[in-house]
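Worksheet: one structure, shown below.
Every chain is named by a letter (A, B and C) in the order it is written, and numbering of its residues begins at 1.
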């Protein structure tokens, strides 16, 4: 998991009242939103018709000190923008690009701009942590941004600064201002995008899965050392979908579009209003499918523990109650209910002692004293279904549960879905034609079958028949446009 | 050693004058004592005859930032009280309960109250570090408190808080306020105590061993990075006695009751007045037995190094002098003088280069350059005897030395003394009858022989003959009252 | 490398502008220099002819928080003095003494005084980190100071303090003020020095190698997390010379004596004025030999990146350019160009992607993507030669490169140069006679051949013929004065 740049979360200060802290964070976010809305309004009075407002959102939604609410802020701006830095070199996964793109695209349910991303190399050290991309990686990432819904990719920055802290956050050009290795790849990529642009710009992605992101839970967890990192759980769940090429959006507690999705994945909603919980209950009652992580519903929006059965407000939906939680080291499940590698068949940190009321147990922890309490359950509710996870799962266990749900709601087909390191994204371009991006996140040549209709690879300008094959070079790209 | 909750000590700030720091700590403690004595006096003017004053002493005597002197404070209150949180689940040892109990019972040489202790689970995290006790552990610990001299056991708290920092420092009831697993064990335990109470309340324990605790040494060490933790040495020595079921009190530098004990164990008195050192010399001269740890007597009460031979004021008593100390990694002793496992036959951190004058060397370090200096010696002095330890010992080595001394003074009998995980405590109840508590700190069934006279197990209400056997269930309890 | 006492460097604060920080450090150093020059001037007006001014320079040149420039300060004082504490006991290398001595001797190109160094033991803890020297080590170190050019050795301090922070920074006497083990060795050493002093005092060492030390690079690196420690690189290069008994001075950017040396070793000059770079270019053009470490010339004296080819100002001298740097884990070189143990045939942290123009590659990194760029090159330039190292090397690799250069310039002879643990230093005494110090930094007896002319060992007062042998006891000393 060390491929991410995102920092670890600081833990709880013993002297802090968590309810007060939550309100304080909320007030900060509101203040920032109002200030930026006012600024946008002022700017908008003077801007020309062909100008627009946007905001260079760093991926700080995932940083604990952030004091602003991108969803709220983005309401008054025309376009959402993303500023994302990511891993490169060997082991480059592209996950940061996908994550940032999905998150940003969801602010305004539309395409976005990339206002900053890796050029030659990042980081502050005069030599340490320099990470110039391998041949082909720069181009691959540019196309990945576009595949995720970016209508522009802008680099920080044109040439490397000659002074100050970011001297070695290196631009397209080095300090000598001469052409260089990366500049040549930049040229090639820019010409390619220029040529293909009419067929891809403003393509419209559609997702059938959403992840629910709760700023209140992020901040609530932060002041209540939960033994796990909420944002890592977001990343873990997103990665399960990313690696299996299942398109995903983000939804937020204030959204009313839950029913647009066949599946909603919820890492946790430790802090949640009654309104949000009711919305989830209704969603499932009417046929939705949810995967709900631990601690959900425990506190109301003022971070007071609910007096009801736990999981608060979700007890009937999930068909369980619980009164206790116990810490553990990594612990195996009894048997191997999801048929994964035994060494990954594990839970971590702690688990809740679940008492099923109507739920069906899916997995039990292999715990001498508390092994009789199931830790993962499933519950049919109304026309829909809920999976409840009472612990922190390994990447592989989480992926198995999510994939299983995707198959159940018909959005995963073993025959069609490629898997990481081949990243494949589908969309409809501005001409109404289906387009399919293929991104090879490996240093090996890959042969891929076209499971869609007859198409043209816009990169190589060759025609690929249905069921025909084509080749991706290491860190290579293909973009199929169906006829 | 990770079973304790007590935090590690911060180390010395290079800019601090240690003498000044010691005085500052002493002034703080004095101020707190005077303030609380004044408060107690005010309260006492208004309280009824059937009311009493006490103080909820957290086990902070062992915390480095504490600024009060429990011994001094407790003088003006009727009853000493203890607030102790401890380990639970697998590996639960009960040592924290015994340590807190012995320490608190010694403040006023009498029984005490437990004002706070573990209910369902402890800790601040909303899920991490939750440690609900296994079946039987809650009851076992309640009886352990009583066996140690508690006349009351009170929990923090009745129901779990719904707000604030301690939301997950869970009470007898969970947030749902419904009966639960622990509540049922609480009910059973409360009924049992209610029934047996007349036979155990205010029983009177008697100890023949004492540990000398010096606040000045605690604070003096704190400002002079000693390469070991004074409080851990207290715990290590106490644990040696606890595991072998040898009853122990604490004594303090200002006490005049040293002669009540056959053996006084002294982890270190790095900071000590001439008066204290003389008192120890007199105690041994008149037949007492002491085990003295390193650095003892080095500084006077103002934390000035003594100009005399070291160990200052104890040189004749111990029959040694020394001028140097050398740091080491863990180092074996030459040969195995105490017949313990070879891997535990070790000293740590550093050792003093002892020059015996009248002492008999007991052990030498296996050190290439300084191996000719003994590290543990024994010295007959007057009618008594002193063991001097010039280094930090392993748990096992320390236990062997202490047990050896206990045998010599006739307070350990291989036939009678049970060993951990069976904890056995003897006392005399208010009716003048001998009572014997048996606490099974393991998850296994244990069969125990009654080495005392014919007795009734107050729990099961069965009669156990002398030399008869009885069974302790996992985490089980028996209380024998002799006829 | 843990034998040094010098602390690790703090890393860059993200909020700091490194150019500003550099100026701030420079201003601090200038202020200190001017203040001390003023003080020296005042004192000098009143001092007698037989008195002199000096300054107890702690080895803080190597500490990051220091705010003074010893070279500048020492200009107005008659004598430079050194305050150095070092390792002792097993594994004692003597490197700190040599390093401190060479550095201090170079301030005023002359002999110096030792104003503070280890007596019985060092450190603040009341027992931890006490490190009394083994038998013979105290005497060995005293002679080492003298061999390095010290005209006096003074200890901190006569007797151990009885109060305060440095109570356990123990002097020649312990707190009991009685003779002790070390005092006896002190007596012996003092008498010996007294006897031999006329033949050694003010001997004059001459070096043919210099290390360039740049305060600006030290401070510039400090604010720009470079992924390596500049001061460790100084130590690494110095140790290569020390272990092979090659005498070395230090030079500073403001010096004009580069041509006095056959070889100048430059760990890095990340921050360098054009004037300094020109001076180095001229030095080589006129026949000098340089070994230049990575990042050199990158920034000007205001810590702005140069707009020229890199290494800035040294590109032609070194026959290379480069535009990129990449981080690595430890990485082997392709093949083994310097014939060292394979496990030490490595580079670390990061490397620059060098493009040779006129240089000859000496070594390539075994890197899948960037292995075509050499990492160590050699370039003939004018009448001289430059070696450029584009990465951080292991001790052994660095030593091989430096030794190779020393052989090329004729200052290393396999037949004559002894190696660590025998330290040998040559000089000319005040009577104009060659003297040779032999210091045995091991606990084994060593037999040494006299490769110089017939000589008298001033210690044993025996005559050693040319090619005759003599014996050094463990931690022993011999001083040969040629006839």
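In this text, a contact is a pair of C-beta atoms (placed from the backbone, for glycine too) under 8 Å apart; a residue touches a chain by one contact, two chains touch by 3 or more.
Quick caveat: nothing in here was measured; it's all calculated off a predicted structure.
Q: Treating touching as the only link between chains, describe the layout with one word: line, ring, star, complete or other.
A: complete
Q: Given that chain A and chain C are copies and touch, would you call their interface same or different according to whether over half of its residue numbers are shared?
A: different
Q: Could you say what rotation angle superposes chain B on its sequence twin chain C, using C-alpha positions and rounding to the nearest 5°?
A: The rotation relating chain B to chain C comes to 120 degrees.
Q: Please report how many Å separate the Cα centroid of chain A from that of chain C, as a whole number.
A: Chain A and chain C have C-alpha centres separated by 52 Å.
Q: Residues touching two or more other chains, restricted to chain A: which are they?
A: Chain A, residues with two or more chain partners: not present.
Q: Of all residues in chain A, which touch chain C in the complex?
A: Going by the criterion above, the answer is residues 89-90, 120-121, 124-132, 134-135, 160-165, 167-168, 174-178, 180-182.
Q: Where on chain C is chain A touching in the complex?
A: Per the stated touch rule, the residues are 12, 14-19, 221, 224-228, 270, 294-295, 298, 302-310, 321, 323-327, 349-350, 352-353, 368-369.
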